[in-house]
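This is the structure I have questions about; it appears just below.
For reference, chains read A, B, C and D in written order, and residue numbers begin at 1 within each chain.
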Amino acid sequence: MEGTFKRPTNQELLLQEILQEALDLPLSGESANYIPALASINPNQCGIALANLDGEVHVAGDADVPFSIQSVSKIFGLVMAMLRMGDDLWRRVRMEPSGHAFNSIVQLEWEHGIPRNPFINAGAIVVADTLVSHYSASKSALMSFVRGLADNQDIHVNQDIFQSEKMHGSRNAALAYLMKSFANIDADVNDALDHYFYQCSIDMSCRDVARSLGFLANRGVQPHSGDQICSRRDAHRLNAILQTSGMYDQSGEFAFEVGLPAKSGVGGGIVAVVPNYGVICAWSPRLNQYGNSCLGMYMITRLAKKLGLSVY
Amino acid sequence: MEGTFKRPTNQELLLQEILQEALDLPLSGESANYIPALASINPNQCGIALANLDGEVHVAGDADVPFSIQSVSKIFGLVMAMLRMGDDLWRRVRMEPSGHAFNSIVQLEWEHGIPRNPFINAGAIVVADTLVSHYSASKSALMSFVRGLADNQDIHVNQDIFQSEKMHGSRNAALAYLMKSFANIDADVNDALDHYFYQCSIDMSCRDVARSLGFLANRGVQPHSGDQICSRRDAHRLNAILQTSGMYDQSGEFAFEVGLPAKSGVGGGIVAVVPNYGVICAWSPRLNQYGNSCLGMYMITRLAKKLGLSVY
Amino acid sequence: MEGTFKRPTNQELLLQEILQEALDLPLSGESANYIPALASINPNQCGIALANLDGEVHVAGDADVPFSIQSVSKIFGLVMAMLRMGDDLWRRVRMEPSGHAFNSIVQLEWEHGIPRNPFINAGAIVVADTLVSHYSASKSALMSFVRGLADNQDIHVNQDIFQSEKMHGSRNAALAYLMKSFANIDADVNDALDHYFYQCSIDMSCRDVARSLGFLANRGVQPHSGDQICSRRDAHRLNAILQTSGMYDQSGEFAFEVGLPAKSGVGGGIVAVVPNYGVICAWSPRLNQYGNSCLGMYMITRLAKKLGLSVY
Amino acid sequence: MEGTFKRPTNQELLLQEILQEALDLPLSGESANYIPALASINPNQCGIALANLDGEVHVAGDADVPFSIQSVSKIFGLVMAMLRMGDDLWRRVRMEPSGHAFNSIVQLEWEHGIPRNPFINAGAIVVADTLVSHYSASKSALMSFVRGLADNQDIHVNQDIFQSEKMHGSRNAALAYLMKSFANIDADVNDALDHYFYQCSIDMSCRDVARSLGFLANRGVQPHSGDQICSRRDAHRLNAILQTSGMYDQSGEFAFEVGLPAKSGVGGGIVAVVPNYGVICAWSPRLNQYGNSCLGMYMITRLAKKLGLSVY
């Protein structure tokens, strides 16, 4: 019976159309190459997923290929720390846009070891430090949390990337020791860094990422499970930080052109939250000058425009 | 007949309640005192206005007292420049949050004379420069524009403040000359500064400000007149810049706690845009450490919370 | 009679030998070109003069061609200000090496408008401000002072360069206004800048410069006249500032390789003081990456080495 | 027989007179207190030694009490590295004054991990890195070198201070990791830091320090042994760096007021080189705002003035 054939929805058709537009663009940008394990990824992969609040996920392209989520993982660490620390967290990291590179040590020095927000590296290391200090086994706690959010036990850390990150982590170590000198790292610096690099090395697919963050678009409630992950207020706050600080030094332009809270990673992933609507995750490894995925930016911008998703 | 008596609406009652809460708070903060004309204002005044998309304005307290709008005026200049210059404007000023003081010269130097956004002083001076260069009489063009938006011909520049600003304007002159040295000021530096100081010296009431900016909440259409002031896209973009950069170095926190695009001025005014809902303007001269009105922040935060106005 | 023929001294022979070595080097560097009047100078000119404490001056090459002394003039301004202001001067400008570009505005901001030393532009503008404030006609006072020191009434300001400097002076204006905003400029900013640009535009030959600064090598007493120009202590102090701050961001290297107090200008001149011995001035317009004359550096380094002139 | 009684020389009498003047000054400044082992030193100790080129050392006060030489040790490390590395060293560290705090990370970032000179912490860590990389046992090589220079086998590392330095070394670790991220640290970061902290923890008396550095005043030849420690040229160069960069952010003022190459440490020691004359070492723990010994500065300034020792 033809009843078993599922017709593509309008959203799926739109995703496929936008994916095709992206693939037809002239190639531009390069993959991240600061570690070999990232440089060796096929740079021409491209996928997109849209998770709706009804729990359904529409996809196109390589949306089921796991990729290195890198800085997208900072969201997971931050949610865990907000849940565990409450407002105490905000005495150790601010929530202001930085106006500097994600790994700036200059600003950290000026501001006496208090990172401007949890999405620059220094801020994410402080967050990692709080998790190391508050959990007996912070790495497995993180994996449980992420797998639960994505409703997928088959999410793993990429060991090659994890080892590579640790071997190329001098600059992050500099940030961590500088914060330690201002008494803003509690745990052993190596432990905080170990957690931080571990978190960055998680592999997830577009589908996983989009599903896992549905609660940010849904006032704290995970759409597919009905679980209250965080308070409505904290969901709002997370979106606010994503909006002002999630896209590196292109955050302002992204708000300006797209109007959605979002976070990108140097693995080529970008996740955008559409309050009261859903979550988009796009992935393609080639990066622009700001470290954001070229095709990921293109696809999310197009989708937001076509569907009128701007919060403004 | 009692028919002539107009009962306060729910919104009016709410504004009055919040105003009273604000007035009951212990005094904190000081008025701006870098020029005598601002230091001499009665610091305990306090007002709030909410302009709805139906054209109605609800008010409480000193909402009809004209105050020095100062940096709130940067919105008016920016809208004029966007209309006149189109996307060329964004080659001379970026749209990224700054992460520095509003009058930082350090960042301007690093970024080769291109201000990070139009709401820091350097950016607003570039905007002023474009207006001086594109209008034969930029100051009267500005006043016509503002009066038209507010539908009030009785809006004026405070000459005392204008003269004071010019006499205390060395730092802004330093910003302008530095940009000139990077070829990012076209007009005579003195003319650009003159326009800039003039714009900062406009007096408006909370009612005026809230009414004048209704189009930002209404996809570019002015609610009370039906005029299309700017494109829907530009209204979105203006809101995005307000969100990431409008509240000095408290922009991130304001997005985090309130979730609305907003702009403040050292005269004590704050205007917040609620997309598809309306515009709030609060005023009270005492400023917190970031240069934002203490009671203004309080009232807008309360109102946004009570009415659930966050865009997230 | 052959008695009228004056045989070259050993010093003259040495200067000629070193000049020839310099001229035999492969060409490198470019003349300053930020103003047309400097860019049009024949870049291959080269001269050197050595003024001894007995009043004699030995020369080689284009040592009698007047050139734009530019920042070398900062010495004259500083001596005048030290004589007029005494130790009060050092409340408005420090005597520390800067570690930044000669025209850095960043450092000036950090240090609240107090320039690190009188040889960076900001410091020389403060010095100019004190002269404008303390002399009824500071520019003619300067010319009298310089002509007297050099014992040459035929020293003039190059009007082309003076006008050019004023037209390209936005960055110096930015420095001046920033200092004004910190209350470290007393006179009208335009007057201080006018004096500063005038001073930079003096033309002198190597012979003039070397003769004029003999007192720095002679405990404050001008060798050819016997006049006490400044105290022995102030001569020591001037040499100290020249040593730590006179050669832009190559001051440390110059002390390291040559070991003499010195000052250079973008016109291609360099003057070096040899305490208790004499003063060397070399000139050639092509500049290295630090803004110091390539051949000037070469000749002074060679001469210092051959004669064992290092103070260390 | 009275023949065994040695009459104080004129120099000794002068040292005693100056010491007495210093002790009569009102107390000012505080000892370094960032590690307990330094904070617990009796702050009122005060000594001075003058080593002449004939091998004699004159002393006054606590000149034979060993103190923590701290940054004075950077001279020893630098001499060893210059001898071992030759001019290659100067590709990894510059010789320019810094214009920033001794432990500035901002400047290091701007200059891509190349420290401005070997006397700021970052520079001394690079020097330590070269020693660790070039010696199989760099710490014992250092001790042999220092003991040989001072002709005193009874010079030791203070283990309390060494352990304390390591426990409070986060900021130096941040500097080292930042340089590692710019590929300017070859060895393991921990090994380089270990050597650096060890070197800082040497205890020596004024007599030891003054004797050990005699070669800097004597064209590279150690006065008491006749050994050629380094070339005449390298002795000149070391003095030049001391002059421009040895006294923290008071280097310019020290050159200005005293006119001698010098190095200070937060243990309260200051050593000054008088070319062709001798070496002075003064010690007293209370520090001024720049981290230089208050009484040490006073005594050296007085001595230099009384004896006319300025190189200028």
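A few comments on the model shown:
The rule is simple: contacts are C-beta pairs under 8 Å (C-beta built on N, C-alpha and C of every residue); 3 or more make two chains touch, one makes a residue touch a chain.
Because the structure is predicted, anything quoted here is derived from the model rather than measured.
The minimum number of touch steps linking subunit B to subunit C comes to 1.
Seen from the C-alpha centroid of subunit B, the farthest chain centroid is that of D. If each chain is reduced to the centroid of its CA atoms, subunit A and subunit C end up 57 Å from each other. Centroid to centroid, with C-alpha atoms defining each point, subunit A and subunit D lie 50 Å apart.
Separating the CA-averaged centres of subunit A and subunit B is a span of 33 Å.
Each chain pair that touches appears in this list: A-B, A-D, B-C, C-D.
Taken together, the subunit C residues at the contact with subunit D in this complex read 94-100, 107, 116-117, 235-237, 239-241, 243-245, 249-253, 255-257, 259, 261, 275, 310-312.
For subunit D in complex with subunit A, the touching residues are 104-106, 109-110, 170-171, 173-178, 180-181, 189.
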